[in-house]
Each structure stands twice: as C-alpha cells, then as structure tokens.
Amino acid sequence: MSIDKDKIKHISKLARISIDSKKSDTLAKDLTSIFKFIEQLNELNTDKVEPLSSILNTPLRAREDKINDGKIREKILENSPKKNEEFFVVPKVIE
Amino acid sequence: MSKDKFEYFIKGEKNKYEVIIGLEVHAQVSSNSKLFSGSATKFGAEPNSQVSLIDSAFPGMLPVINKECINQAIRTGLGLNAKINNNSVFDRKNYFYADLPQGYQISQYKNPIVGEGKVLLDMPYGSKEIGIERLHLEQDAGKSIHDMDPSSTYVDLNRSGIALMEIVSKPDLRSPEEVNAYIKKLRTIMRYLGTCDGNMQEGSLRADVNVSVRKVGDKNFGTRCEIKNVNSIKFMQMAIEYEAKRQVELLDEGKKIEQETRLFDTKKNETRSMRSKEDAHDYRYFPDPDLLPLKIEQKLIDDLKKNLPELPDNKKERFMSDYELNSYEANVLVSEKEISNYYEEVAKLSDKKLAATWMMGDLFAMLNDKGLNISKSPISAKNFAELVQSIKSGEISGRIAKEVFELMVESGDNPKKIIKSKGMKQLSDPKELEKIINEILTKNKDKVDQYKSGKEKLFGFFVGQVMKQSGGKANPQLTNDILKKLLKG
Amino acid sequence: MSEIIKKNLSEIIDLIKKKEIKSEELANLYIDKINKSKKLNSYITTCFEHTIKKSKEFDEKPNFNSLLPGVPLAVKDLFCTNGFKTTAGSKMLENFIPKYESTVTENLWKEGAILLGKLNCDEYAMGSSNETSYFGNVINPIAKDTVPGGSSGGSASALVADLTPATIGTDTGGSIRQPASFTGTVGLKPTYGLCSRWGIVAFASSLDQAGPMTKSVKDCSIMLEAMAGFDNKDSTSIEKKKENYSKNLKTDIKGLKIGIPKEYRVENMPKEIDELWNKGKSILKDLGADIIDISLPHTKYALPTYYIVAPAEASSNLARYDGVKYGYRSSKGNDLIEMYENTRSEGFGDEVKRRILIGTYVLSSGYYDAYYLKAQKVRQLIKKDFDENFGKVDAILTPSTPSSAFKIGEKTNDPISMYLNDIFTVPVNLAGLPAISVPAGLDKKGYPLGLQLIGKTLDEQNILNVAYAFEKNCNFKNEIKNWWL
C-alpha cells in the first residue's frame, strides 16, 4: 500500500491533526515504508483463525449501581485551557 | 380520511409513493449511576456537577460497567420478545465533538447485547408487527450549549456517560401515525418494565429517524436520509412528512437523493443537511481494549425473565377476558401501568364494564383537564369504585353521579358521605314515587287528557315534572314505569 | 559522593531498617546527585520539598514493616501523581497537574515510598530511544553519546546513574526491558492485568503494563510485590491474592525446562548477542535446568502485528487530547474543528502524529479487515505459539534486544530500524505474558546487553527465580564512571 498525499489528507482530517504540505511528503514516504513492513502479514493465511478478542480469559466484571463519584466540578474544570465557573468553553460549533 | 384502512401515501406529480421509516430510539436507562462511572444520572442538576474524572476523560481513567444497566437492557430485550445474546462486545465509536470528552463513544457495534425482537401495534386498520433489529448499550454524550455566548459554545458533561439503550427498528413503519403508535408502545413497555422513564421533555427518549420513499409497488428501498436526534413525537411526525415530501419532489424532478444526515429545524419546520456530520461517517469502530467481552449467563436471563412484570400485550388480553372489555377499552386501560393498576383496583370492587366507561369518560376528562397523572388523581380508586357501585345499584342516577363526581374531585371525599350529607340518594321507593306522580297528574289534568287523546309527546313533560319535584332524585326507570301505568289507568 | 546510593534497593532498605540511615538523609543524598546530573536529562519534574517533608514525617513515625520504608523513588512521567505535573513527555500535557494518583504509585506510597520526581520518557511512551520526548532526549550514563533506550529511558538512566534506588516504567512493546538491557539493569514486564492501569496515561490499552526497573533481581521482586495487586477500577485487572515475590525468591532451578526459540536468531544479529545467549544457556544448564529447543513460528509477524494494534488503540486513546478539558490548546483557529486540528498538530510530536495516523488508517472504513482484524488474528496465532510451548517448557530464554545501546540520532530518521529494536520484546506484550530482562554481559564497546526470560501467565515468581539464579552466577558488573559530574 503506497500512502500518497491525498490519503494523508484524508486520515489527518479524520484524526483532527493538521499537516502542512511540506511535512506531508516525508510523512507519505515514512508511512509507505511502514505499511510495506506491516503488510508482511499478508503472507499468512488467516482465513480460519478467530481474531483475539481479549488477552484475558475472565468475564467482564460489573460494579453495583451506586452513586459514589461526581460533585467535583472545580477539579474537573481546573485544568481546562478555557472555562468559566460552570462550563468548559470552546470555539463556536457550527452544526 | 377513513381510519379503518391504511392509506398514507405521498402523491407526486407522476407517481404515488410509499414512505419507509425506520427508527433508532435512544432510551435512557433508569439507573442511579452512569454506565461506566459512579456519577449520578439525575436530570436538571447544576452544570458539570454530575461528572467524574472518567466522564470527563482524564488521562488514565478507565471504564467499569454498571451491573444494573446490563440487567435493564436484558429486561427491555425480554419485553421486546427479543433474543438476549450471551456474548456481546463493547466497541469504541470514534469521532470528535465538544461534548464527547473521550473522542469516542463506548457503544456496541457488531455484537449487541440484544438481538432481533418485535413489537405489536394496534392500528385502527388492524394490528401490525414491527420488527426490532437490535438493542445495544452505549454512552450518552454531554451537552453543547450554543446560545449563552455569541462567540463560544459551552459544554456541560452531566449527561456524558449516562447509559442509553439504542433500539433499532426494522424499516417496517409506513406512516407518521405508525411512528406515533410505535414510540408510545415502546415507551409503555419500558415504563412497565421500569427500564426507562420515557420522559421526552427531559431527553430520556429521543430518536434518529430514517426516511426513504419508493413508488407504490416497488420492491426495493430508496436511498434513505437520517434525521438526527428528534425529541418529540410531534416533531418526528412533522419531520417525516416534510422529509418524505422533499424526497418525492426530488424524485419527480428526476433528481437523486443523497444519503445524508439531516437535522430537523423545529422553528422552520423543515429538515436540512448537517454540515458538521459531513466527514463523520467513518467511525472507526473497534472493540474497546479497556473492557472485556460481556458474558451473560443463561441463569441471569432466566431469573430476570421470571421476575418480569406483566407486560401490556398480556395484560390487554387478560383485561379482555377477565373484565369483558373490548379491544379498544383494553388498549386504553393498559396504555400506562398506573392506569391499569387503578382500573384493576376499581374493577375488583365494582362493576367492571361500568367502571371502564366511567374511567375512560369522566375520570380521564377531569385528569386531562387538570393536567394530572392518574397517580395524582384526587379521587382514589376505592372511592371511584364506590361511586361506580352507587350507580350500578341504582342508589344514584347517572346525572346525580356526575354531581357527586364533581364534589369528590373538590373534596376528595367518599361518595357515600357526599350522597348522604347532600341527600342525593335516588328516589326508588315505588310508593313514594306514586304519591309524587299522582299529585302531578292531578295538578295537570288537562295535559293528562291531551296525552290520552293521543298527544304522547307529553310523556316527557310528566317525567320532567317528576324530576323537578324530586330534586332530580327520582329513579328514571321506575318513574317511567309508574307514569306509564298511571296514565293508562 | 556517598557510596550508599550506589547500593541496591534491598541493601538500602536494610540500612533504613537498621536505622543506619534516616529517610531524610537518604533523600538528600539523591537530591544532591540529581541536582548535579542535569546533563543526563533523566528528570522532567522534581518535587524535593515534598520529598523532604514526607521523609521527615517518616523519620518521626517510621513504619519498618512496610516494603519500602521511607525510600525515595522517582517514577516514569506517565503515572499520574496527585498535585504533581504529569506530562507523558508531551507538550500536550506540559502543564497538566492531575488531582488523582495512579493505583500503582499509590501502592508504592502505601508501602512507605516517597516521590522524588518524574522521569523523562518518549512522548506518550512512543519510542525506543527516549528521543521523542518534548523535554529533550535522555543520555545513557554508560556513554555520553548513547541513548538509554525507550520509552522508559529516563527511568533507566536515572536508575543506573544512582538518581533513584529503583523505579517503575511502563512496557507496551518493550519499553521497560529494552532500556533495562541498554543500561545493564533489571526490568520486568508483568502479566497483562497484574498491575492496575488506572491513572497511567494510556498508549495502547491491550498491551500497556507497568513494571519495576531495578539494579537487581531481588529489588525487582520487592518492587513488583509493592506495585502489583487487584484494582476494581480497572476492568482488565486480574482478581488474585497478593504474592510475596521477595520472600519466595530462590535460586534452585534444578529440573526446570527452559525453551530456546529458534526464531529469535534473526538475520544480521551481532555475533556477540548470539554468544551471550549461549552463555545464558550454559549458565542455566550448569544450574540444573533442561535446555530445550522450541519453535515459535509466528515470531517474525509480531512486530508488524504490533504496529497495527498499538497505533490503532493509540489513535483512539489519544483522541481525548483535544484542548477542551486539560492540556495544550492552540490559539489559532476560528471554529471548533480548526481548534482541534491546530491543537493536536502543535501539541503532539512527529512520532506520536505518525502513529495516530497509522492507527486511524488501519481502522478506517475499507481497511479494518485488511489491517486491524488481520492483526488480531495473527495476534491469536502468536499467543497460541506460546500457549503450545508452555506445555513443554517452564520459561523461555531469548536475547532482550538485537543490539546494545545505539548512538543518539542514529535511528531518528528511519522509523523501521527504530521499530526493529523491539523485535524480541513485542511478542510478549501481544501474548500478555510476563518477561524479565536481566543484564548478562558487555559487548566489545563495553555496553551492557540483557537476556530475556519469558514466563507463563502469572508465573512471575518463576521467572524471577530463574533470573535470580542467573544473576548470582553471571557476575555481570556495570561500569558507570559518573563522567557527567
């Protein structure tokens, strides 16, 4: 799989990372070689193999339905780059 | 429009179209705490006060699932006659949004907790089965508030991480009416089960509506549009009507329908394309590595099934056989758990048929008028039953009963007490009635002669006089009988 | 410079217990050397006021029954520490101060340890040389132009330079064992689920495990005992009783079956590594172990599998860094989407961005089956390789790394050659098994090299025992000349 600039543009959009076109060239080159490396897996026939769903064989543990968290607004907002007393504040969202 | 036949079609210039609707209902699970954290789920709390480090996705925070949410999903699945999957998987649905702190929503994609099921609708044109495709558990997002500041959006994460059940129907719905009936039926079932309070004003029940149209007679579905997050039945119906017409117009003009996500603008009463969702279709689902596959023991399913309350469809059948109600009456009386409980209490203490008539008539009118839920009714079931019994036994007439009813609403008193203190008891003693009637006949000799010479319309006049004389308490049947007898003589 | 801080953790604990040194005195010895060792760049944050305050408290009311009585310790800057900056080596979290403590560090403090500071690491633990850190690269004390390995490079460097008596790292594909090998120290990656992941900045959730990095195997057993344990806040934490690894440590390995997987003899591997591996075999054989040749046929596919699974999980785990709740936010951008794109472009370094993009790609529509699903299938095969062989052998011996410490800058422009560093360590993470790297010798340049012992699930005690016996008979000596002072 060769990764070109268009693909970089598409996935960087999905990943919400802006990539300037200068960097895009090196990135395309690096990713192409990485994918070439990754694609060694295609040598293997895995048609009859179940994908690994979890490394642990134990079932999922569930907790009781108790309220024992929350009421820490100050703590939650403290590290935010932009907030007011009650809310996180972000640039306008256009729907 | 005749109601006993299905006929919801959109007429284009050239063709007649059928509307195909599928719903993805998001029902908030009734639970104390969130799906993966111990924060409260109560509606209307101070902004960001019901948020934990997990709900706000701080580095290193991990989800631990709430047992009750699993049980609620299983109960709901059982209520929808659905298959409960012994193995299911939680996946991450990846997308960026201000009110999605993790940058992904924990949901279930390929292996949901509940598989196929069905819901039965009672439509005027007969009963109709709507297929359920699946039900899965997922996290709710927070809330973005766009109107508090002209240049910024405010984010409240109280809702972030609350458990939702997404109930996906098959594309079996064909009209706004059916959508109305379907949502109401789902809500009734979940309220019976206690798995979702169904409160649409508080956002506990919302839906994404998939709409497509096809020429009547066509076998294949058309391209569908998804109308996101509609939070009232009325808006759903309006959105469907608008959207179906929009699609028909496009098709008539020979244009293609783009598969897209649309938003229903409640002010303009129209749907429009959602810009922010344009590139969001690639959700990159994959199993959440912070969670293990969910295994549900058959024993748990069996236990939950055993303890399931009687559901509306079964209750309806029972009401029809036990209380000899017709399908319509039974439907109305099982539509809410509280109503059915009230009715059963009344029916056990009084005449079951008369009780149904009076409940669906005067009681519902009064509650509706006052905007009250039946659980807040000023008339207790016991008192209401006594009222019904007083009518049935002939102690009071229907007309007097209406007066007693009014007084019961005002005072909350027992009807016997009201009847006694106001002397409203029906006059049913034949001797006493004969005495009154004789007096009236004597006083109106001329009218008696006219009656006898053929003016039979005057019968009503005599009844009126008896009622007037008795203060409305004369037993109408008895009055009729005695009058007829005496006028003959 | 005091000889005391050159000692192993277990010896230092003895000195404290015998009251030959106070916690505060010890803390001051470390603080003094840390202050003189800035050249190594192993610390991102220090918190000496806190260290002194806590050590005084300990000295006033000492509890000698704990595992780490009054011992000052620095930890990798991937563990959230309540009230102290936790950066994950990233600009994104340059000023992030968590208000919570990771379970693993909390366990250490409960056992009497005291935080000295936060150690440098590759950005979000993505790297094998500690060169991707936003806070600059770390120097390997063995030679001033070499890398300490990564991603727990700061931890390894600080440990071998005597800037902390022991430390903890995290290991997603070799991030504990490779730097341990590069610095001549001991590093253990526990069974997946033995140590809680709660409060550790996540890289790849199905692979990440915290583990000890120490100067000796005994130290390693003490640290593991202190940090491990069931945690109901982590759904992947294994529910089991705590074990006394240090008390149960023994050198008798007679009759143990040690597997030697032929697939670990890779092309272009330096001869000295092969020799070292043979040395390891003969030491264990002399101790009475049976050496058995085994085959792990899917070994060569481990690294490609890892470079699908780990970036996929990372791309999702790192989506939370969006400039809204905490961390860096770009001032550029007119709407929310632009803010995200600029924040993440400016806040993440190149390697992190590269891996997020790989991960996004392998999960994206149309590619999921070809990459992610394929990788999970191969991962199953890799796990099966181990499962089948662990019926025949009790532990597996391999080299830890295909080379000794390399030069700073040597591999920064060639991601594949950098990734190949983890060729021997990655399979273990994919299979969720425990593995320990123990120093085994020096190469021609005098740089240390390690051997890796891989154990069965939850068989930490066994690989610790083998490593302990090996260590006692290997006579490895690290030569650190303190050239930076």
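Letters A, B and C mark the chains as written, and numbering starts fresh at 1 in each.
Here, contacts are C-beta pairs under 8 Å (C-beta built on N, C-alpha and C of every residue); 3 or more make two chains touch, one makes a residue touch a chain.
As the structure is a computational prediction, the values presented were derived from the model and not from experiment.
**Student:** Considering only which chains touch which, label the overall pattern as line, ring, star, complete or other.
**Tutor:** Drawn as a graph, the chains make a fully connected set, so complete.
**Student:** When the contacting C-beta pairs are counted for B-C and for A-B, which pair yields the higher total?
**Tutor:** Per the contact counts, A-B leads.
**Student:** Which chain has the mean of its C-alpha atoms lying nearest to the mean of all protein C-alpha atoms shown?
**Tutor:** The most central chain, going by mean C-alpha position, is A.
**Student:** Nearest whole angstrom, what separates the Cα centre of chain A from the Cα centre of chain C?
**Tutor:** 23
**Student:** Once you find the CA centre of chain B and the CA centre of chain C, what distance in Å lies between them?
**Tutor:** Spacing between the chain centres: roughly 58 Å.
**Student:** So the centre of each chain is just the mean of its C-alpha atoms; given that, what is the distance between chain A and chain B in Å?
**Tutor:** Spacing between the chain centres: roughly 41 Å.
**Student:** I need the residues of chain B touching at least two other chains; which ones are they?
**Tutor:** Within chain B, the residues that touch at least two other chains are 53, 56, 64-65, 96, 98, 153, 155, 282, 284, 291-292.
**Student:** Of all residues in chain A, which are in touch with two or more distinct other chains?
**Tutor:** In chain A, 14, 16, 53-54, 56, 58, 60-61, 63, 75-76, 82, 88, 90-94 touch at least two other chains.
**Student:** Counting only residues that touch at least 2 other chains, which ones in chain C make the list?
**Tutor:** Expected reply: 96, 99, 206, 232, 235-236, 315, 319, 322, 324-326, 336-337, 340, 360, 364.
**Student:** Could you pull out which chain A residues touch chain C in their complex?
**Tutor:** Contact set of chain A toward chain C: 3, 7-8, 10-12, 14-19, 27, 30-31, 33-35, 37-42, 44, 46, 49-56, 58, 60-61, 63, 75-76, 78-82, 88, 90-94.
**Student:** Considering only the defined contacts, which chain C positions touch chain B in the complex?
**Tutor:** 80, 86, 88, 93, 96, 98-100, 102, 197-202, 204-206, 232-236, 312-313, 315-316, 318-320, 322, 324-326, 336-337, 340, 360, 363-365, 368, 372
**Student:** Can you check the complex and tell me which residues of chain B touch chain C?
**Tutor:** Result: residues 53, 56-65, 92, 94, 96, 98, 101-104, 153, 155, 281-282, 284-286, 288-292 of chain B touch chain C.
**Student:** Contact residues on chain A for chain B in the complex?
**Tutor:** 13-14, 16, 53-54, 56, 58-73, 75-77, 82, 84, 86-95
**Student:** Looking at the complex, which residues from chain B come into contact with chain A?
**Tutor:** Spelled out, the residues of chain B in touch with chain A are 31-33, 37-40, 46-56, 64-70, 89, 96-98, 144-146, 148-149, 151-157, 263, 274-276, 279, 282, 284, 287, 291-295.
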